Structures are given as C-alpha cells and as structure tokens.
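Both of the next two complexes hold chain A, though its partner changes from chain B to chain C.
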Partner chain A sequence: MTVIAAPTSDLRSSQARAGYLFAFPALALYFVFVLAPVVVTVILSFAYYDPQLGSHWVGLDNFKRFFFDFRSKQIFWNTLRFTLFAVTGNVSVGLLLALALNRAMPGWLLYFFRLAFFLPVIIAAAFVSIVWGYFYQDNGIFNYYLRTLDLPAVHWLTSAANAMPSIVFMDVWKNTGFFMIIFIAALQGVPRTIMEAAIMDGTSPWRRFWRITLPWISPVVFFAIVYASIGALQVYESIYILTKGGPGDATRSMSINIVEEAFGSFQIGYGASVAVVMTLVILVITGVQLVISRRLVRY
Partner chain B sequence: MTISRRTLLASTAALAAVAVTSKFALAQSNDSGTIRVLMNGGDADLLTTNNAIARFNKKFPNYKVTVDMDPISTGWGDFVTKVLAQFASNSQYDIYGTAIETFQTFASRGVFEPIDDFVAANPNYSDFAPALFEDCKYQGKTYFVPTSWNNIMIHYNRDLFDKAKVGYPKAGWTWDDFRAAAKALTVKDASGNVTQWGYEVPNQNFFVQPWFFSNGTGVLSDDWSKSNMLDPKVAESLQFLHDIIHVDGSSPIPGNDTLDNQFLAGQVAMMSRGHWVIPNIKNAKLNTDVAIPPSKVNDYTVVGFGAVGIAKGSKNPAVEALLAELSGPELEMDVAKAGGAVPGSKAAASIPEFLAFPPSANLFYQTLPHTKAVPSPANFQEVEKIFIRYYTAMMADEVSIADGCKQADAELNDSFARLKASLKS
Partner chain C sequence: MAMQTKAATRWIDRAIIAVMAVLGIFMLLPFAWLISMSFRSVADAYKMPPSFIPPNLDFTNYLAVWKSSVPFLQIYMNSVEIAVIVTVGQLITCTLAAFAFSRLQWKGRDTLFFVLLVGLMFPAQVTILPIYLGFAKVGLINKPIGLALMYLTSSFGVFLMRQFMHSQPKALEEAALMDGAGYFKIFWRISLPQLRPALSALGIITFTQTWNYYFQAKVLLGPQDAMTLPLAMDILRGYLGQGNLAVVMAAMSMAVLPVILLFLLAQKFVIEGVTMSGIRG
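Take a look at the complex of A and B:
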C-alpha cells in the first residue's frame, strides 16, 4: 500500500503562521518576565553572586545553609502558622458572611453589607497595615479602649505571643470580603429545587448546610483554600510594615527572609535558594490540597 | 559730534554689559556633556542639590545635570543593592550622595574613585573636622567628601521636666541620673497605664550605639572586623536598657515605629536622636533642649554622616567641579539653614540660624571629638539586621540577654567569615 503524505496547503500554513504571530507577544512576555526569572533564580541558588567581587559556584552550600540554620525552622514555622490561621480565618469568616448575606433582605441593605465587607479588599495592603500599625501601638486605639474598660494594655506587636495573631487578625479583616463575594456567587448557584425539597422533607438548616450547600459549593471552597494558601505562603507587606519580622524572628516569613537576604544583605545566591525552597513548599502544599480535594470535592 | 545724554547712557550700559559678559566668559568652560547625580533625602535635600547645580551651571553652562533622589525608605541595605546593580548593568550615576553605612561596602568593591588629590586641592575642606575625612577612607584612600552629619544626643522636653520638678540634664550626668530622671518623668493614670513615657528605648541600630560607647564598648570590635557581643559590657548596656523597660516601666518595648510623633505630642520626655528632628520640633513649638548622652565610663556618643563620591570611570574636571559644589561652602550654609543635619563645615555650624535652637545647639559640634562613627563594615547591611533582630528580641524579653548576645555573636561572626571569603575570592 502506498502511503501518500497529505500535502500542506498554503492556507493551513498561513493560518499556523498567523497563530504563532498572535501568540508571540504573550509568549515573549511569559518567557521574559516569568520563565527567565525562574531559570535565573534556580541558577543563582547554586552560586555566590557578586558582580564586583566575583561570582562563583557554591554547589549546594546555599541550601545547606538554609537547612542547617536554626533560624530557618522558626521562619518556616511562622510562614506555615500564618498560612494555617489566615486561610482558616479568611475562608471560614468569608463563608459565614456569605451565608448571612445570602438571604432575602432589602436590596439597599444587601448592597450596603456587601460593600462594607468588601471595601477593605480594594484598599492596598500597605495602607491597611500602616493604619493598623497605629491601632496596635502600645498607646493605640485598642489599648485606649482596653484602658477605658479598666483592662491592662496589650503588647499587640512587641510580644512574640501576640504579634502573629495580631497580624492574622488584620489579614482576615482585610481579605475575608474577597472570599465572601466568591462564596455568595457560589451559594446563588445552589439549585433552589433541591433546597425546597429538603425543606419540605423537614431537614434542619444545619443538616441542609452540611448535606446540600457545602457539597454543592465544595469546588469553590477548594479553590478559595488553594488561592488563599498560595497568597498566605507569600505574605510580605503586612508583616513587614507591622513588625519587620520581629520581635526577633517571631513573625518573619519566608518572603521577608528572601528579600532581606537577597536585597538587604546582598546575599543574592542565598536569597535565591530560599526562594527555590519556598516555591517547592508551595508546590507540595498545593499538591497535597489537590489530592485531598479529590476525596472531598463532590461536584 | 554731539553725544546726547541718552546715547551716552546707552553706550555706557552696553560697555558694562560687554565687560560683565566677558568676565563670566573667562570663568566659564566650553566643555559640554551630561552628568547624572543620585542623591538621597527629601525636598529640602533636593533644593540644596539644585542650588549647587545652579552654581555649577554658571561655570559649566553647556553641561546638563540630571538629579534623582532616593528617599532611603527601606534602609541603606536596599540602597547598596540598587547601586551595585547599577554598576553591574553599567547604568551607574556619575556622582552619588551616600552615607557612612555604605562606604566600606562600596570602597571594598572598587566602584568609587579615590579622590585624595581632589580633597587636597580643595581649600574649603580645611574647615571640616578631620575625623569626618578619616572615616571616609578605606585602606588609606579617601573615597568620599562628608557633607553633613548627625550625632545622637538626648532630646528632652523642658516643660515635662519642669512639671515633674526634675532638674535639666547637666554636663557629666550619669546613667543612674538618667534612669532616675526617666522614672520620675513617667506618668501613669489611675488604672496604672502609662500616659507619658520618661524615655523611648531606641528601636534602631544608630540610635542605640551611645549606650555601648558610653560604657566603653561596642557591638563590633574597634576595627569592625568581628563581633564584640560577648564583651560583658555589651550585656551590661543591654541589661540597663532592658531594665528601663521591664523594671522601671519608663519606656515602651521598642517596636517597628519610632516614637517621634509621641515626643512631639509631649507624651515622651526624652529620646535619642540626631539633629534631623530639630525642624519638626521647631514646627511643633516644643520647649526642648539637647544633652550629651549620659556617661557610664565616658561621654562618647555616635556619629553618622552623609557624603558625596564619584563613581568609578566618571572622574573628570566637570564632575569634580560639581562634587566641589555639592560639598562647598554655599551648600554647607544651606544645610545649616535647613537644620536637617549638622553641616560638615564648622563655619556653617556657627551661623546664628543654626545656633538659634535648641538652646544648647552648640553641643552638636562641640561633642564631635567625643564621638565614634557608627560601626559600618563592608557587611554593614547584614550586621545591622542581625544586631537589631536580637536587640529587639532581648528588649521584648523573648530571649535572655545572655542567650541573645551568644546567638548574635555566632551570627555576626558567620557573616564576617562570609565577608572575608568573598573579599579573598
């Protein structure tokens, strides 16, 4: 049997050329601003980089320094516990607010509440952190009210025990509105017929939530958890502005450590190695969440 | 021929104009080019820089000078990284305004021109305190010209002292005197909450140095080559500050923000700062004065200063002329009038505007012989971060002073080992 290769028509090849041309700008931007920096960071993580004094390969030394440095454990733990508490707070409070607002009420009141809870999301984190920094000062507004109630003042940011919860609280206040909006959209997609049938069968609101609402919106909840986790693992500006990672290392996150080492201390190779470790951590955590989601996400 | 009065006046004016123009033409250079300058600070610094450039352009009218300002909002470490990246990408400025904290980092990397010949040829600098130029040297060569400086003094609110019936600080006051004053100046309300702090234990590396120097010690060795955190006197200084916070309750725990605003609002009686706070204090119309930091074994305080230098490869007569303007007597006068720092020139620091406020303004220049430069090794960026991290943890009682000193010592010495290895390579 003779195999005859299909001739490439002029039309097809010109369509392919046009396709590549259309894709080129996006691809070029992706290569220059995403892929190239990733590759360079990985390369730098194996080097001591100093253009003036001379750069050289150091093998795994930067990674060894990170894994054997007693500070790394604390910084890693800070990042994880911020992620754990901030994600839990943002997603659960966002869901509670969404459930509270997903009910019949006058239109203007609904929009008022939605706007009130969403407003902090659109304010830059830097501004929010500066203002909350004043609230948290020893003679700030929180301690003012505590004193008014004859309660002792609290070292919100200058005590290691209080600093991280204070930062998480601010983060939840600022970001939970975003998750609220997502959950409201998801809740409005829950079929009314199923819900009405459950009500007619006398199912309690608690049971309706766990058996119908939550399973139905579980893909959105999963998305929210992954999205919040990736953001929380990279937390930088709120901690930097409120505590600069202090007192000591009590609130220092991996992102702050990377920036301080690479750009503050000019240890660019070491900073790059911490960035690579952080990327791997995010990949692993997201991977674990994906595996868990296969068991829990229903639809 | 009859010459009218009008013609006579016009001719005289024309002749005078020609004479003036030709005189300027003699002093002007026909060279042309562009000079890029990176200075730091805010609007007042930009104004003094622009004034210097205007004077330069009278002599070099064909040169275009562009100025960028770096607010140093994230510290000298980030500034160093930015500048070194500019050199690495061959996009450096010709002249940089910088500070002592960066001198060794830049000089050890050979990115600035040695300017000993330029300094020796400039008679204006004979009026500057020689100690300032000493600190501008690296391995025997001068790389920078000091322009202004700040030494840390105790700023105190006289009204609050009067109200508490505490005598103003006198020359030779001691740590014990200071501690007693801070305690007496701390005011609490009926619930026991502090409404007025006696002192603000500093939260920054520069501000806290006098507490070590006045105890005859320092965080680093005298040659800035290794840690000195295990010196018992360092722990003694830290314990003293710790006790002001946790035993006396005369100061809040140092946090992320300084308490300048609280001082201006009359909620803090004493704070350790340089001359840069004077304009704000004047604006707030506070009745304050300055005192030399109290002594334990001596009355030494810390000095840090700004300077200008020429980037490697940019040295030429025009750039040198601009550098001379950026550190010249007129600029020094501008610095003295602005009040954001102490001018390098003694003559400028003696003008009435500079000495008008605070009442003991003369102490700023007078204490210069009793100052030590802020320790600024070539790894300053790391050293400062390590020290301040442990310092804040010790002041917040998160780590004991003994453990904090030990851990800081280990980290500082690791940093110096890395520095030595990189300088060797």
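Take a look at the complex of A and C:
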C-alpha cells in the first residue's frame, strides 16, 4: 500500500464522486426534459406521426412543405418581420432610455424610473395583451382619444397592414425596460477618465456617443440583440391574444402555427419541423453573434 | 464661461429627466387603467372617457370573480403550486450543480457544463411535442404538476449560480476540506450562506417566469380546473362576455398581485438578477 499517495488519490476520487452526485439532479432533469425531447423533435420532423393508424417516414417532406407552401412562407416571414422590428425597437429604445437615465438623480426618482420601465417586463405578456386588446379595439381607448381630437379612427388590429405594427408597439412597451436596465449597467462601466478627456478636448456629445460609448458597450449591445431575437422568434401569446394570428394570416407566428398544426390538425411531424426550423434560426443568430463579438475587441 | 456651460448642462439634465418622468407615467397608464377599471361598476365598464384612478373602492367585481362559474380559486392555486414547486426545485438543483461545477474537480465536468449551456438556445417549442407525447403516456397531461416537472432545473439557473460562486473566495471551503469536513457539510454550511443574494435573485426571476408561462401551459393544460392564471384570463375574457370587462380586470388585478408585490418589495434583487444574468457572461 502506498501510504503517502493514498490520501490525495482518495481525496480526488471522493471529490469526483461528490461532483457527480451534486450535478446529478440537474443533469438528469436536463437530459430528460431538454436534450432527449430536442432529439425526438428532430426525429419527428422527418416523420408523419400517428400513434393510432401508424407512423411512417416522410423524409424531407415536412421541410419542403414549410419552405414551399404559400401559407408557411407567410408565417415564416411574419415571424422574421416581427423579430426584426421588435428587436430593433426594443434595443434602440432601451439604449435611448438608458442614455437618458445615466445621470445623477435623487434615489426616489431612480426608484420610480426603474419601477415604471421595468414593471411591464415582469408582468405576463398574456395579461398585458388583454389590456392592450381593449386599448386597440375599434371602439377602444386609443380610438376614443383620436375621436376627441377629431382624427379618424384607426383599425389597430383589424386591418392586415396595421396589426403587426400594433403588436410590435406593445412588445416594445413591454420589453424595452429589460434592455434599458442592462444598458444602464453597461454604461456605468464606460471609464470616466476617457469620457472626461474627450469633454476637455471639446468633442461633441454625438461624437462621444459613436466613438467612445457605443464601442465600449458593443459586446452588451450584441448580447442584447441576440437575447431579444431568441425571445422574439418564439412570440406566441401576445399575438394569439391580440389577433389570434389574423386578420387572415397577417400576424400568424411560427409558435402559433406549431400549436395549431400539432394539436389542431394532429400534424405532429409537421409541427416538429417548424420547431426545428425555429431552433436552427436561433442557432445561426447565436453563432453569428459569437463570431462577431470575438472580432470586436474593446480598447 | 465654464460656469455657464455647467448651468446649461444642469438645465439639459433637468429637461431630460422631466421628459423621462412623463414617459414613465405613460408606461404605467395601462396598469392604472386595469386597476381603476376593476373598481368600475359593470354598467359603467365601457363608458368613456376611460379612468386611470379608481372611482371608488367597491370590491363587487372581485367578489363576482370568485362567485363566477370559472373555478378561479382552483386556477389560482394551480399557479401558486407550479410556481412554488419550480422555484424551490430550481434553487435546489441549480445550487447543487453550481457547487459541483464551480468547487469540485471531476472528469467530464467542463464538457457537461458546456452541454448544459447549449440548453440556453433551445426554446420550449422544440421540446414541448415529445414532452406532450410522453406525458400523455404516463398520465401527466392536464396535471399542473406536469408543467412543474418540466422546469425543475434550468441551464440559466445553473449558469447564474456558478458565475456567482466563481466570484466568491474559495479559501473557506478549502480550509474546511483540509479539516476533513464532508462535501455536503461544506456546501450547506459555507457555500450556501454566501450565495444568499444570488438565491434571492434566481428565486424571484424563476417565480415570475413560471407565473407567466403561457405557451407550455397552453399545450399541457386543457380543462379549466387544470389551468394557470395566464390561460384563464383569456378564457374569462370570452366567458364573462363583453359587458363584464370590469370583472375581467378584477380577476387580472388579483392575478398580477403576487408579481407586483414581489417587485415592490425586492426591486433591488430583481434588477440585480437581471443584470447579473445579462452582463456577467
């Protein structure tokens, strides 16, 4: 028996045992409720699934239908369009709000601002969508105020052209506070010395923003864009509650489509293929962000 | 000259804060409307102009929600049950795993951590169909506990706790190990107390998120007595009909109450949790 070596190797193996034990609950649940279902979804996306009458492989048929079917193309496009507008709105408004609030003010005022801009973030989209649904109604609150101003009423949700912008507007109201908060934290990291030197040199605020602030916080901006995109691509309840995907298919998103196909028409395989496409878009966006943020080096 | 610019900056600061204050009030208007609407009489529900300050403190509409044919108490308890189980579950599984990933040396650790992080990119949409099919086989469809099971751990939670643990000194734990303390004792007595701020942040974020789930709940929970509050609001809206807008808003006020209370009491932790999750990547 190697008396001297024993304690360390004992320690090491008992540490390894403890490591597996401590990590086991999380890892086991993760495999059962995330990894395995993802793999099964990918398998389902190549199949026609029918537990009663028998399932069979369909190869790429589900994906072909997704990319060539007129309706699916519109739904895909709706989702991308929503994502583009919602991400742009949320991130840019969030950044503007953060720049506006990034100055000295009394504590109670800061508390109020955080409350006002962050409260919508933590309230369920399902709840606020119902409230906004009443605001947007043809005889709702927005049109009431338009009428009192002698302006024509607007079909906020009942016209195919307006529905999507109305939903995006609500989404920005709801989520921009999240981005404001992370941008405020990032702005506090911008070194004062550089900023003060630029002010001494008489650099304009506009130039200071583009040359110092934005490059400094650019990793956070990229993170925000990716985070916002992953969320926006999954958009479900705000659209479902406000328009049910209508008028026509004007606002139908991929998530709404998945539920309708899988549980309305029992096309589980097709629903799975839509979910796989959504995940691939997320992976691509995340990958692009990783590549870009490696190249962007803070000075 | 310098004095003048300083005075000018101060006025610009004030102007910006004034504009932001107006914006901030606008942000809160939907909530003000929702609360004041819940106190309007049913007959006045659709009367214009809308009010943003409660006209009285008459709780008739609140009573109407409880007395309606929608099993509101059952639905409320479902939401509470799911949110509590998920929050407690995540606090346990995520801190245990974070301890293993941050403090212990074991084979495959870094690979498994990476595999766990990949989970951040998978939306519920790509996991829900097999979970639905599996739950159907074992009788967990239309059971609130099923939804809770799905979220007993989270990649985000493990990541958040591990990041926080990494920022804490290891010395105490190492000393305890040298003294021959067991790993669980070290975790329980030394690591866990240091994690308190991170635990509050994760707990609040998880509770809120779970309270708000809609897509997953929509797929897994069909009948009214299995529903959670976000699902039920949409049903109530149609069920109680057009004239009872005030009653729907009373139900909504009760549904958002826990989250608003949590936020008012623990704003600091919520905000810290968000920034921690966002920035310390």
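In the analysis below, the second predicted complex is superposed on the first by the 278 of 299 C-alpha atoms of A that agree within 3 Å, B and C clash if a C-alpha of one lies under 4 Å from a C-alpha of the other, contacts with A are read in each partner's own complex, and residues count from 1 in each chain.
Here is the rule we go by: contacts are C-beta pairs under 8 Å (C-beta built on N, C-alpha and C of every residue); 3 or more make two chains touch, one makes a residue touch a chain.
Computed from a predicted structure; not experimentally measured.
J.: After lining up the shared chain so the two structures overlap, which partner does A:Y111 touch, if you call chain B first and chain C second: first, second, both or neither?
T.: In the superposed model, A:Y111 contacts chain C only, not chain B.
J.: Touch test for A:G264: chain B only (first), chain C only (second), both, or neither?
T.: The first partner, chain B, only.
J.: Thinking of the overlay built on chain A, is A:A125 touched by chain B (first), by chain C (second), by both, or by neither?
T.: In the superposed model, A:A125 contacts chain C only, not chain B.
J.: Could you look at A:F67 and tell me whether it touches chain B, chain C, both or neither (first, second, both, neither)?
T.: neither
J.: Count the residues of chain A touched by chain B and by chain C, then name the partner with the higher count.
T.: Of chain B and chain C, the partner in contact with more residues of chain A is C.
J.: With both complexes overlaid on chain A, does A:M254 touch chain B (first), chain C (second), both or neither?
T.: Second partner only.
J.: Looking at the overlay, does A:W210 come into contact with chain B only (first), chain C only (second), both, or neither?
T.: A:W210 sits against neither chain B nor chain C.
J.: On chain A, what residues does chain B touch that chain C touches as well?
T.: In chain A, residues 133, 241, 262-263 are touched by chain B and also by chain C.
J.: Mind pulling up the chain A residues that touch chain B in the complex?
T.: Those residues of chain A that touch chain B are 48, 50-54, 56, 133, 137-139, 143, 147, 150, 152-153, 155, 157-160, 241-250, 260, 262-267.
J.: Considering the complex alone, what residue numbers of chain B touch chain A?
T.: 74-75, 77-78, 80-81, 84, 87-88, 105, 108-111, 189, 191-195, 252-257, 262, 267, 379, 381-382, 385, 389-390, 392-393, 395-396, 398-399, 418, 422-423, 425
J.: Can you list the chain C residues touching chain A in their complex?
T.: The touching residues are 13, 16-17, 19-21, 23-25, 27-28, 30-31, 33-34, 48-50, 92-94, 96-97, 99-101, 104-107, 109, 112, 115-116, 119, 121-134, 149-153, 155, 158, 177, 183-184, 187, 208, 211-212, 214-215, 218-219, 229-231, 233-234, 237, 245, 248-249, 252, 255-256, 259-260, 263-264, 267, 270-271, 274-275, 278-279, 281.
J.: Can you list the residues on chain A that touch chain C in the complex?
T.: Per the touch definition, chain A meets chain C at residues 11-12, 14-16, 18-23, 25-27, 29-30, 33-38, 40-41, 44, 97, 100-101, 103-105, 109, 111-120, 122-128, 130-135, 141, 144, 148, 173, 177-178, 181-182, 185-186, 220, 223-224, 227, 230, 233-234, 236-237, 241, 254-255, 258-259, 262-263, 268, 271-272, 274-276, 278-279, 282-283, 286.
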